[in-house]
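One chain, subunit A, links the two complexes that follow: it is found with subunit B in the first and with subunit C in the second.
After this line comes the complex of A and B, so read on.
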């Protein structure tokens, strides 16, 4: 008895040891890989901010352009405000101030903004110290708090729309694959393409006017009724915008599913399962979907990030207080801190998303992993 | 299989991030979102003329800071030096129809409730609801200045000292008395250069601003300045000193009053503000002007799409909303909506600016006259503006007290147009207008923003008319900032541009547009006429309205003769209101002047 227990324990220990030894190279390469990719991503992000900064500064206008066609302003006011906000500094200095802060720079008008020189508490500390600055258009409100205020609305819409895309796209893809070549497949493929060619905000506006204006079954605007805000009220408001914004995902999900399913359906082990006598449904669920989900899951990641940007036209139509509208307001007002913050966050999410998908894919698919070792 | 090479997709990734950004900011091109950025953004003198009229009902109440500078000096009739004006209005009689809810919409949200840091119309309208603004206000009939927060005012013999006696019953919403100390303290803060008041220079004419006692304000100015009364009484909206003096003036992170004012003097108190979604206000029982306003609750919902705004008005979800000009016919027939229309005293008007610099074809006065005759401005007014505008011939529209009808107006006459060109050696032959060297005349016309349908229509119509007299016109549409850059360039490359101004009730404010010093920023056409400048200065240096009217009348004549602009038309204003809202009475000041007296009847 004792012997067999001891045998079992030692077998388990053996197994663990062998497992570690077997995977050690993998862990080492994965770590090196992750570190390398992360550093590359950081570099990419930095280059992106440089480019973004230059483009925004190069565009005509600036945060004080609201004064341009106002007969009540004069040059003295403009100069005073330019100095106060440090907009009269050279672009390079402004970039350094934005990324590394201005509190460590010499206290001269060339280096620091007027409000920094007036009170050291007003100096920006730079994004490297996670100070995204204060908005010009919103008169000094912290950029991060403005963005965070809008994030829930955009995330809610993006997430729900993504889920709906999958919920509608996946069955469409399955039906398409199963009825390959016949009319349901053709219908699905053609209609998803056609619907996708029409801009989502246009469909949204049309449906909103019909369903909201004439039939009055959905609300015409906003995330909630004023004074309400209960769960069902929010669902009611979310319904149409989420469905309409999910349209873009139908074609993606249905195509991926169709492709994967078709690939897998022809594999030997599926034919084996069918030959064994398993019913169609069991075959699909157990074998096909499990394997088809793999690339599907990894694409999920990148599609999600695209949705997060928030389309301004779409948000305008539905009066949805999201990040898209914020970006549009910021750009029209040439509010540099807000624009740059949105740009950085957007780029960061984009780069992070691809990085994550990459790593996930490497972990999950051994074939790719071993190829990489040589690369 | 799917090899994701490390660096290979860096470039597309970058492009993707940029695309993420650009896609979220693509300019709306559809009629559904035809609001010009100008109207959405910050200027109160928005040159997007049609769309700005109806979304902010209360922007016309005299208590807003920016409105304050559009003051009438018809008032000066009562403000000749050495005069005292006392009000006999009884502001203690309470209103009688208290109760009910009013739902408004707006296409853009306010920036903040800080009267000295914001310049956009939406912020002004919110501020106007909670902060009572002015010592004086405009009488809705005569457009004179009448006492408001001050129950009387006096102007000394020399015309340089103004004394205001405040009403003694005014309170803040927390019960504290509203006194001259609040005015004085607010003035000191606003004029502190570190406090970044965008219109600080507008207060430059004031040399001294003192509170003689708790209910008396004395303001001194350096020299006689016609708009003085209006500006001094309107630019300073008092803030509660006892609340604000312990808070940093301009930091919304540390001063909660900026975004969430807790102690106010106006008709309404702020209840809730969800940025970019909605804002709700409740009546303020301590409001000094006849107590609580009738409408007990006032909400504004932010609906950026103007077609949806109109739908909401139609369905009764909101009590007022934007009516697009093409829907005006239909709106007038709706069961549940009344459409109010009026000709505003502070009208917005449109024009075509002609480049007067040397080396440009339009430098020649005969050419400018020729162009003016060649375009059918009446048709533009009738067809493009759908009858919601009237012809304008010079600097001030018909609704201004300075209006002079006796100016050249260049009615449509293509033959006279050709004759004018001929005076300078141009010849019209074979369908082409040739300059003295025999080359066809080509002109460049720019307009902005490129999303503005009205301007687009004007541009192509002008192009068409000028082609009929053989002139080739090249039209270029520009994005708003690029447009401003183009017309304000030191060395521009355009011959004509389409522009607009919002005129002010106080005529003197329009002076800067015609001054040589303002080239090229406000005086984009580079118009130089010293006589006009002298007339403006003379008009601004006296309080005598008869003299002023004569001077400004002369200005209109000279400018119309010189034709630096082809004056087009000025706009009518309209507003759709649900029929359940009563008490509305349109005047040249608008419909919001008596907003506190409106009530609902179900």
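After this line comes the complex of A and C, so read on.
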């Protein structure tokens, strides 16, 4: 169905598949936008659970692959384990019981796993009720409690580096834009390019060798010294990991801000403000920064995501006891329930972050397009 | 090129008809590149890195004299041969720094002298006489492995660039062509999905489950890297399609696909080239991360990432295991970035006159 008159396509009326609510006349455009973005995010989250679930299914040899390493395994054992974990059910039933739980399903081998049929207490309650099953590697510990245990460490690192990215990146971007073409700008741009050419975690390793190994001004690993949980000790441990994992963030922030400020600096209203005799600082803060900040807000979502997914690398380099390190353990031990849970929760955090930034942006910027983007 | 009559200084000299030189687009690009010394330097560096990677087997056999997979139990984690004397001294020195007395700076002269003697003996012994960058945990020569690692890392970079360029251009053209239909919505949804899940995490899981070779890994990385280019191409289509020459082309009866391929694609070619170059650098860094975590390229093959993999336990005792692969990555991606930067300027006709 090639639309021969595709140049005119932009004139075609907008259509929407699911969102009848969206067309109700008494709902304001912005509310509609928020509803639509939230529904989209729900859809994305559902697709993410599908991807997470297919990790389980796509694994060559299945989730019980680790049995291949056991010389004493036999078909009987495999069948028993398959029944116990409910892996002999159809994929659809498995997905339903993974996402919504199996305690409400009929107690037949077609619907329920062996563990659930043996004891109602062991029934999976589904990821919608925050039951991600039990870990293979950590000897049957509940996956969600493993993750919740490590979440604060990851969030501490992620938010500190987010704040640091803004604190370092914003001044650099402003200086760079204001001194465009002169040496501070050149210095900042060259150094960001050079820093960008090596992996961030490699810089972390180098700094760890020099500062942690030879000079011993920062600790080599962990979140706190054993037996010492004081505030300064925590800050001391947090310093290097946070600075290193903020590298990508502040480079991004300073580039975006430089670009946006240069755009705004050429606008007529800035010239007007200057002509009125306002001081340089007033012009920059009140007129330039306020307008240049808007695209800066959107980049928070992607930077948050960058920090989140980078945590696998940084937390390993710095032995930081967070979700990223847990993910590394899970992946190496082929702990599928843990992997799936970490992926789904990571996607949830990412989708939530992007959604919140989008909504914030639509509230802050009156010019935002509420309709489907047709440019 | 001013003729005698025009040599007078004028505020706005009007070019005479004879003075206007015709130059083709690519001719102009080449001329601009030729004048840009940094870009030329980057190009030479990149060519150098590529050629030592291509010639790694020959270099390993005839110049350095080491086999990248030959292990030696006696030479495990040896410091670079030129630093055999200096390395223990340096460790002593750092130990004094950690003690309460403070650094014993008197030792630094001694360390420098040992390095000097070591370097002189090494240079006298020829390129093949020394482990220039030390050995790793299995006693393999790190420099040889670094050169071999370039084969994998650069191949992955080029593959990933090819995959993401193909996907990005295709998806961008399709979503621009079918704008505001369900196909466009679908592609936007995929982009949105890829933009809001932690990609590195999924990549690590997939690489762990499927344990792909270099090509498979490149395919995996490439599948996650096309979204930016696709958006650029789509946006470009929107900005170009209202132009007069498109209208003119339609008026003489060109089909939509002809317009797309003949008029729109050439307009985005510079974006595609530059984006491909940056994708390549990004892919090399991503691959290094994956291999560092032990899910990318497996052990017998050397890649810059997996050379650092084993170093986590003892990096203060053997920093050369971390530094050498990092330097290789640095040189390669720096040359790629600088080249991309120079090309972006050269390919943009608007900038060329400045």
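Everything that follows uses one rule, which is that the second predicted complex is superposed on the first by the 300 of 375 C-alpha atoms of A that agree within 3 Å, B and C clash if a C-alpha of one lies under 4 Å from a C-alpha of the other, contacts with A are read in each partner's own complex, and residues count from 1 in each chain.
Criterion: a contact is a pair of C-beta atoms (placed from the backbone, for glycine too) under 8 Å apart; a residue touches a chain by one contact, two chains touch by 3 or more.
Note that the structure is predicted; figures quoted are calculated from it, not measured.
Participant: With the two structures laid over each other on chain A, which partner does A:58 touch: subunit B (first), subunit C (second), both, or neither?
Facilitator: A:58: touches subunit C, not subunit B.
Participant: So, A:269: does it touch subunit B (first), subunit C (second), both, or neither?
Facilitator: In the superposition, A:269 contacts neither subunit B nor subunit C.
Participant: So in the superposed three-chain picture, is A:80 touching just subunit B, just subunit C, both, or none of them (first/second/both/neither)?
Facilitator: Only subunit B; A:80 stays clear of subunit C.
Participant: Based on the superposed arrangement, let me know which partner A:332 touches: subunit B (first), subunit C (second), both, or neither?
Facilitator: both
Participant: So which one touches more of the residues on subunit A, subunit B or subunit C?
Facilitator: Comparing touch counts on subunit A for subunit B and subunit C gives B.
Participant: When the two structures are overlaid on chain A, which partner does A:110 contact: first (subunit B), second (subunit C), both, or neither?
Facilitator: Neither partner.
Participant: Counting only touches as set out at the top, which of subunit B and subunit C does A:198 meet: first, second, both, neither?
Facilitator: In the superposition, A:198 touches subunit C alone.
Participant: Figure out whether A:215 sits in contact with subunit B (first) or subunit C (second), or with both, or with neither.
Facilitator: A:215 sits against subunit C, while subunit B stays out of touch.
Participant: Just subunit B (first), just subunit C (second), both, or neither: which does A:46 touch?
Facilitator: After superposing on A, A:46 lies clear of both subunit B and subunit C.
Participant: Could you look at A:140 and tell me whether it touches subunit B, subunit C, both or neither (first, second, both, neither)?
Facilitator: first
Participant: Mind sorting out which residues of subunit A both subunit B and subunit C touch, each in its own complex?
Facilitator: In subunit A, positions 40, 44, 47-48, 51, 59-60, 201-202, 205, 208-209, 212-213, 216, 309-310, 312-313, 316-317, 327-328, 331-332, 334, 342-343, 346-347, 350-351, 354, 375 sit in both the subunit B and subunit C interfaces.
Participant: In their shared complex, at which residues does subunit C touch subunit A?
Facilitator: Touch list, subunit C to subunit A: 94, 97-98, 177-181, 185, 188-189, 192-193, 195-202, 204-206, 208-210, 235, 238-239, 241, 246, 250, 256, 281, 285, 288-289, 292-295, 308, 311-312, 315-316, 319, 322-323, 326, 329-330, 333-334, 337-338, 341.
Participant: In their shared complex, at which residues does subunit A touch subunit B?
Facilitator: Touching subunit B from subunit A are residues 36-37, 40, 44, 47-48, 51-52, 59-61, 65-77, 80-81, 84, 115, 118, 137-142, 145, 149-150, 201-202, 205, 208-209, 212-213, 216, 220-224, 226-227, 295, 306, 309-313, 315-317, 319, 321, 323-329, 331-334, 342-343, 346-347, 350-351, 354, 358, 361, 367-368, 371, 375.
Participant: If you look only at subunit B, which of its residues touch subunit A in the complex?
Facilitator: 1-7, 9-10, 13-14, 16-18, 20-21, 23-26, 28, 30, 32-33, 37, 40-45, 47, 69, 103, 111-112, 114, 117-120, 193-194, 196, 198-202, 250-253, 258-259, 274-278, 280, 299, 301-305, 307-308, 311-312, 314-315, 317, 480-482, 484-485, 488, 501, 504, 509-510, 512-513, 521-522
Participant: Considering only the defined contacts, which subunit A positions touch subunit C in the complex?
Facilitator: Contact set of subunit A toward subunit C: 2-4, 6-7, 9-10, 12, 14, 40-41, 43-44, 47-48, 51, 55, 58-60, 193-194, 196-199, 201-202, 205-206, 208-209, 212-216, 301-302, 305, 308-310, 312-313, 316-317, 327-328, 331-332, 334, 339, 342-343, 346-347, 350-351, 353-355, 372-375.
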